[in-house]
């Protein structure tokens, strides 16, 4: 039996597979298809303080080996979440991460402040990297100072560990990763989606009403692996890697590159039980390679 | 929420029958659990490829159900439907279903004088619906419209049933010349339906909504939208719907695809 | 008959399709498969001043809808090029662009200085954006000042028009595009490849000996279209768009986004006559849409 | 340069015959222009998919040529070869060929006492080569090695020819037990070849280079490498070769895939 558990320091996960924010609803949507407690954990859909309407459709477009989305973080807001959804999630006996969003620093703090003290939250994941909300796709994770500032602010008040979710739309992922670490982040997760655009040549309109959206799926995997490798090479906090993971082999690739755990996003849409299959495939890989503890492969790529 | 608990993934639904009329295809699939639970107006999400191009599953209405099998009826247009059209009898298909909320025909609604309108491939769910309505003893009229006679391949299938079929084509090659909405409107007084069901492109749905509203008849419309998942996880498929008072971007896949016409906000 | 010609100001092309640097050899490799003079033009493989050895293999890896390469700009150097290859190219009666490389500003200037005055050069394309040469993938195109400086330097001495080729590995493509324009660049081309990495999970080694390489192909198209759109929205010089173009429809998408011409890269490997097919498909598109002059579609996306 | 002028793209080479032994496949393709020009040791690049996954063409040695047809022999291992293995008779295949420089058997080289060694799927070009050597009146010995008897499906094909065949398997299930290089070395004195040709994995090629060098016999080795294009455009397929004096990263697809053993630098 391979030991699939991974210790992130602030939390120990059953296995390294976490369902990524925005691709796993509030978790409940997946209950018909799988046993949620088999997961390493899941991150709920991004939460702003107030409910949000989201962007007009079309919100989704397919691209070669990828998809663009601009959902615009439609969501229920913290109050509804705390009252109606969080209590439901406790039943499932797995680690629940909260993806925290904000229009500004203040809002991040308000979300965390509101949720602080509630039971059943494993950690906050600060989404400082969503490219779909503003038309230009700008976000704090594109600037080291802005990153430092918002992480610092949240760490000061948070009663839970904080994971900072980074944007791939940057020249130098290393300086952003370091800013998050310096500001006290307990871990970093990357990557969020890549700012993208697609045009319908027949109508000559953008395929996404919001003009820009975020690219996810297998297409981005080689870019995400590179960034995870670069970030993991410099920081001393755990890295949660993601971007295009669809198989156990993909998950192993991120772990070899330096990820202590992985998140699975778009693959959940294609196969609601993708995470479960990935866990099984990681186990098979470890068996074939005579690896007793999956933690042994973290960062083990030979260069 | 209740319906969604019934969703199942069947990675090996066997294709047992396949035929086509031009680029319209009918595929019968054995998938006992999904077939048995299916209701008219619900759909499946089919994995048309095991590669990442195309990436997403494709939604198809349940066209009919018989025992352990269900059928889908579709037009091959883009990459996904072309790949699906290429599948052979004996191959397996990976499907999720039954998804969404179908036409509401319970509590006597289906027992009324009912009219169902299908435009183009939008006829797909109407066949299943018509069968269920007939089984309830309802008096059923089906309007079936397309561009040309070639776009009405299911005409005979409907004619074999104990219902009134009215066809229209844009070029007049079969039945009424013009849009199916025109034919439908012109027959309103004569048929005097108590309930109208419809499926087709947005523009057609909007017209049906207008016609039924003017005549004060309740209508249930099945909407289409690009779907990322089909089971409520991606928030990609929304349209504006009046939900418990407020207008909201509402998930078609989960709260629909069928909605009462008066709750749909047309943009 | 649709008029497929496009006027870049400094040069008029037969049609908007140019074969991209590094994917079309020195042009001659494609002569068996197609009539080179049907092209809008082609860009030769990147040239340093001296011959270069390039990187050790493996240099290529496939990824979902893409490929990573780290050729390392193996090449013959300017002297061999001028003596042996350039004279051959004159036969083909199409616009030949020279992709100019340099380890530092000085080398760019030396390459241009050496080639200056030779016949048969339509323009220089300054490759300030190749991610495969140094392990960290750093290049001038990742910094607005470095971009300004090298373009300025080359413009001062160049007797040919100068196109600056930008890197997509940046936070803000707009500021780099503007720097190139301010420095006097006659046009910009984008995108070069995205810095990427892939790991073979069986051997636990990187699939590219150089560790990092550049991702190209259909996978990057939505990212490239977005950047072309952003850059074209702000500069007043022509934009040459590229990244994953494999069909006439893809080319049209870039032109709608604002590209005055397009470059075709990876597709040439898969179909040596890809450029010819793309030209044909653009023509068909224009016919179907009742467009008399392909220039009409430049930047015409409705947003 | 001369050879490369002969390269052709045939987007509709018809598959006329296909058979398999386990995961080894033989496919015959009609492609008159390419077949007529093909030389032993040359290869084709096949487009295994019209989607972008997998993206690149795949290289396959020309296994035999007859009139307007050529054959390829391959092992299905990854995504590309699996897709190719799934193609049916009557389907078209898009190929480029003939590519590269094959074995040099002109100017009397082929007329000598020749030995050819093929390991695993590396046997593919050896069959074409052996036929051409026999046609020249040469005395031919073929060494054919694999893991088990199941990896030597072409044994009978070779036996039907007028040549000496020596087989080896790693598990001893057929012929000599051990590597084909071991068998080859042990027969060196007895056969006393004047020229050696070989195709197989790098490690095997390196050993053949060593053995032939020790015995002072010229050898021509066919190398493999990941190929982006197959026709000299991408510089992706290089290995270190001694070219006109200097050691250079040399394009396998264009200058090779066959090189004189003494010009290959082993890393």
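Letters A, B, C and D mark the chains in the order given here, with residues in each chain numbered from 1 onward.
Criterion: a residue touches a chain if its C-beta (ideal position, glycine included) is under 8 Å from a C-beta of that chain, and two chains touch if they have at least 3 such contacts.
A quick note: this is a predicted structure, and the numbers were derived from the prediction, not measured.
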Quiz prompt | Intersection of contact partners for chain A and chain D | solution = B, C
Quiz item: How many angstrom lie between the CA centroids of chain A and chain B, rounded to a whole number?
Solution: 36
Quiz prompt | Distance between the centres, which are taken as Cα means, of chain D and chain B, whole angstrom | solution = 55
Quiz item: Between chain B and chain C, what is the separation of their C-alpha centroids in Å?
Solution: 47
Quiz item: Residues of chain D touching 2+ other chains?
Solution: 52-53
Self-check item: Residues within chain C bordering two or more other chains
Solution: 64-66, 217-219
Exercise. Determine the shape of the graph in which chains are vertices and touching pairs are edges (line, ring, star, complete, other).
Key: complete
Quiz prompt | chain A residues within the chain B interface of the complex | solution = 22-25, 29-33, 45, 53-54, 56-62, 64-67, 69, 71, 74, 217-219, 246, 266, 268-273
Quiz item: Can you list the chain A residues touching chain C in their complex?
Solution: 63-66, 68, 142-143, 169-172, 194-199, 201, 203-206, 211-212, 215, 217-223, 225-226, 229, 244, 249, 252-253, 256-257, 285, 297, 300-303
Practice problem: Could you pull out which chain A residues touch chain D in their complex? | Solution: 64-65
Quiz item: Touching chain A in the complex: which residues of chain D?
Solution: 52-53
Quiz item: Mind pulling up the chain D residues that touch chain C in the complex?
Solution: 4-9, 47, 52-57, 96, 225-229, 231-239, 248-249, 267
